[in-house]
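Okay, handing you the structure first.
As written, the chains take the letters A, B, C, D and E, and residue 1 is the first residue of each chain.
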């Protein structure tokens, strides 16, 4: 209920999108990318959401979009709010928030490496973070096939084979294939 | 900094005077805990090779491989899991999901090798020193990862159904069907068991996904009698279902029916599509039963001109004339047949080959002839008095019920036989008794004991619910007829054994245990045979025979190269077998045609 | 290649400019050689016994399995009493315990550390991951077969192997060493080209010399 | 005729050192509630390291480092009498041997510095700078104590100093000049490479300092020195402060007990940072040394 | 007379905020600690630029343990993800199991039996004890006091025995399964647990005497590595690192989960926010966990179902949704962000390990101007477990 009230107050000012109540203490709100920074600042400074819990991305490949999720926590009121920002998947770029939370720079480094999302001006953004000498498309994107990559790059130990029970039975019992 | 901070650390030296806590012999002193997830064990007798462990293993650590000495048989694929310890993470999901509880873990955990290829082994087959370990991880007593109980099929209460021939079973709702389909582990043990090799796991998946149109397509790939088989199939697939071992088998038959129930007839026709362009080949099929019509359907779709000759006034064969309406309503059957005729199959009713049209003529007029005449003659017990007019054959009675002839139900009656036909006639007559006399007095005597009844357990359960008096291990000895020639009942002896040491039919009786079962009518339901008189003497002489049935090769072709035969008349009674036969013959005929084309 | 590894001119603290070529200047240029037993059989036997009874493990926890090394070296299992100790530097270590999966990034460091160890040296692979990829068989960042990249003397099954299993493995390793069968270093030298090719095929930014000793 | 006896001393001391250090390790392990290495483990390690097949060199000084270090140890041992009153085991002691001994204490470390620097490893470089600075700070109170003792007994001959302490246990410098002994013992703690003064080796910081690059027979040489050098050093302490030893059993016992002092402190404390330990020596040990000198 | 280093040689800041470090000048030394380095907690590396004994710049390098869990989970079914999640954090794997299971249960709408909640809490507290014991050994070890590690590893091993009899494994327990837990407590578990707890308490007494009342330890740890309270929000600091700064940030109290509302406790805090205080907060938190375990064993129901009925896990689909589940692990706030799209596989899983912010952004800030000797201890005092950073 409290979350709903917060949403209703902020909605006209920040033109908020869809509101999803997940639990009493957790709700997700869709926000336009251009309004995010102001909203985050407002939530941090005015509403007590001082703790950036995490920043991550979801690849909606079918829709051609990345969803960035900024999860904030208000410890005093025991509430969490997740801000969903949908940005275009091609040449994905987003405003950096390292000026609001120093720790965000690390998240943004990871997102650049794992999803290929650019955060201009974020510190040390283009240094290798987790990977080293990665040449393929960013691995957390949905169109990257990890199994295929593993099979092409790392040899399996030979000698493995398996049979499908149904096929094997047909063959054994009826001589069919 | 206080003096305490300087001195207090020296208290550590007290340990100098305590014994070390080191384990003296860590290699031998430390067996794994009772629940320890150590190396795998597999009980070869329990394992059915369903491969569910392989499916759930997120590491791709399990391969299903054939093992010498374990042949494939119904309900056991003959494969056994081989585990790659270069992949395993000892999460024991394979143990938790195992359908039979055969796969377990020991509490052994030490295994060192120089050669990494040795870390693949088949538990239970490759002998390991932990095979007999008593401790180790077992599945929790309540099986959690797959539901074990079947979704109850809604059906009429005995009181409501006994009065009429209304269909008993309602069919699943979509919710129920989804829940039931969810239980399937898609192992595919059922596929080989099904004579028609229906793609059972795939169409169950279609139910799960709610994609009924794909379901119908899958059904028609292997079986044009979905309405029929969805109701009265002998469902041997369910006997080999992996879920059977720790709960109820999946209700495969009901799910099949559910699929066809969900799709309207027109949509079904649309999904099947149009037959191929005419090839100019003509095929005659004798008998419009499941075997004949299946072949007709397949051949018609390939573009051959098919004519079916049916002696009765309606198509369906035994499914219509042998199965009571409360199990298989006629309109359901008609739907199946309508799909088949929509493919361009021409069914000539009331055309008895041999009488109305000669066999030789078919041979000369058509490029191929298929004989699928079914088993429509009842066998007799040949006991004294069995020639009495009130001693009837079950198949004849059932046919009369279907055709709508008026039957005087006797006040009391005895049925001889323990198969499905016996149950069918007993239950049908019970309904008539109730309608005509207001009470049921049917006694059923079977040679077999309860544990070995040939009839479907559901049939027996429902018969009992419908007040049929079922007596097991009773051997019929004579029909008791009084001096006035009136049938009084049946005399039976207690059966001691049915087969001799060589498994030949040679019943032994306890003559002291004699009973007389009261009945104004005795119905023999001990088996059927084919009426092959239509062949004529010349053809009968030319054909090769095998124990009273026409000899056919694996494709259903007889020794005469223009004549094929299929269904009950060559394989014994079973709908799904007949369907499978029909497919086989259709393929064979079609390939012969193709060869002929190629030659010319 | 990283900037600091490129050939370049640098200016020293004293103001003199000079050229450095790190990969040539700082590293050895000779390939590995097969080291045959140098002494008579009886001395070699004595040395093998000493090698087997004094196993120094390199303190490099490459993966999960490293967590079971701590109980091993502490009171409960006290591997010291079996002549097993740990060393913080590869120069002094004889045994490299690859404790599970290796990401390509770690593999690079592992190769360097391994090559800096002195012969005879031994490698023990812990758990499924070193045998055939383990639970990371479909990961884009971990190798599957350790023996493609380094000669491995022993594998211990488990995910991860318990300290007791490790001790059992070390006992087996001692037997191998005593029997003179733990010649991984020579195997590495003999098939050096093959190992290097395998290593370079998965380490995409190969910015180190081929010879790291 | 001295050389065979000196070699015998060396042989006895090395063997004793191998066993005693293992024993002290075992005692330390007991505080950690375990058994620890077998008592003969040091022999096996030594044998193994000599038996390794390959070794890498970083230059001439890298070779010479361990050699210098060992010669420092051997020299220290051989220029100080081991057994008081024994002609055979008085080694090459002479009138001014105390000065020479002080020089040898430092000699090994300097050699090590050259070798470690040659190895090119940054940790070795950091380790050796730490080592030298700490060593300097730790030697200062020792030098003061030695100075005090020399003043007290008016001689620079170790043999004479031992002789002066004979007769009664109360004649030991320990009781005649406790401040000098205290200063020297604090310095002793600092020179034994045990906590709280082991920042030189500190595996968690600069693994493992100067010997980082050493291996195979180089390491074996250093191991030999590591069992020899402390014993040699303790012999000086024993001779200067604890009445020397008149026979081998007393020698073994006293060396062991003095060695145990460092273990007794070392097992239970963490280590100081280098500037903390330097300050500690300056604040606690040096004033004691000065008092000792002043009192004499 | 505090030591004042000579800062005249220090590098200047460039226009973009980075330091102008010219290595060739010989003023600075680049030092790598790790990944093969005993002072590093696990397999990670720190790249230090030092000027004399003092660090002018430090960079954390991670990724040596990256296996791509979040990617791998996208191609595993919901049940297949269950064995893999615990591998994300080796020393305290149970939080992964709990957070993942709770997230799946929430999105799938499953109710977990009461008893399972109690057993889950028990396991999480047992895991916390293990984690803290490892930390205490590590913290003392980083200062060169090896004996503490010997003791704590021994009692941790006793706790692993309890884990083994309860869950069937020592390290990767794989016991908190979506839907509940795998089994009830074994017979006589509470009594054996009590013996273990007493042994741990007695060892902790020794640890207090030898490690905390230790002049040298205090000299090294007091006043070193101070986290200013105003950094907490900016750097996402949680857990004991925050509590040592005087902020009672504890998810168990702030947003209680499982059966914590029924347990009687207060969050442990300190005030000086240096290495010593952080170690002390963890030691007292450990004692709290012992107390909580005693409470749990008394208050929990003795029998009942441990798992709810699951659908067939081989093709388990969960409707579209997203959620975040958090718990208070020994290092701070541990959380799982799970997104489902109606298929049989998670759309996205994101793991929030507390070390992610502690050991990168925060550490890189704290390490500047630290003495080389203190780097390892500082890193340990933030309680870093690298695998949860890179996953």
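Keep this in mind: a residue touches a chain if its C-beta (ideal position, glycine included) is under 8 Å from a C-beta of that chain, and two chains touch if they have at least 3 such contacts.
It should be emphasised that the depicted structure is a prediction, and the values quoted were computed from it without experimental measurement.
Novice: Report the chain ID whose CA centroid sits closest to the centroid of the full protein CA set.
Specialist: When every chain is reduced to its C-alpha mean, the one closest to the whole-protein mean is E.
Novice: Report which of C-D and A-C is connected by more C-beta pairs in contact.
Specialist: Counting C-beta pairs in contact, C-D comes out ahead.
Novice: So which chain is the furthest away from chain C, centre to centre on CA atoms?
Specialist: Checked the centroid distances; the maximum from chain C is B.
Novice: Name the chain whose C-alpha centroid is most distant from the C-alpha centroid of chain D.
Specialist: Most distant chain from chain D: B.
Novice: Between chain A and chain B, what's the gap in Å when you average each chain's C-alpha atoms?
Specialist: Between these chains, centre-to-centre, one finds 50 Å.
Novice: Could you put a whole-Å number on the gap between the CA centroids of chain A and chain E?
Specialist: 23
Novice: Using Cα averages as centroids, what's the distance between chain B and chain D in whole Å?
Specialist: Centre-to-centre distance between chain B and chain D: 89 Å.
Novice: Report, in whole Å, the distance between the mean C-alpha point of chain C and the mean C-alpha point of chain E.
Specialist: Chain centroid spacing, chain C to chain E, equals 29 Å.
Novice: Provide the list of chain C residues touching at least two other chains, using ranges where the numbers run on.
Specialist: Touching at least two other chains: 59, 74-76, 78, 81, 88, 105, 131-133, 135, 137-142, 145, 159, 162.
Novice: Note the residues in chain E that touch 2 or more other chains, in rising order.
Specialist: 37-38, 63, 66, 68, 71-72, 75, 83-84, 87, 147, 150-151, 154, 172, 210, 214-215, 219
Novice: What are the residue numbers in chain D that touch two or more other chains?
Specialist: 29, 31-35, 203, 207, 267-269, in rising order.
Novice: Every touching chain pair, please?
Specialist: All touching pairs, sorted by chain label, are A-B, A-C, A-E, B-C, B-D, B-E, C-D, C-E, D-E.
Novice: Which of the residues in chain A end up touching chain B in this complex?
Specialist: Within the complex, chain A touches chain B at residues 157, 159-170, 172-174, 176.
Novice: Going by the contact rule at the top, pick out the chain A residues touching chain C in the complex.
Specialist: 131-136, 139, 144, 146-147, 149-150, 153-157
Novice: In their shared complex, at which residues does chain D touch chain B?
Specialist: Within the complex, chain D touches chain B at residues 27, 29-35, 264, 267-269.
Novice: Write out the stretch or stretches of chain C touching chain E in their complex.
Specialist: Residues in contact with chain E: 4, 10-13, 58-64, 66-68, 70-71, 74-76, 88, 90, 101, 103, 105-106, 109, 113, 135-136, 138-142, 159-160, 162.
Novice: Chain D touches which residues of chain B in the complex?
Specialist: Residues of chain B touching chain D: 9-10, 12-13, 15-16, 18, 20-22.
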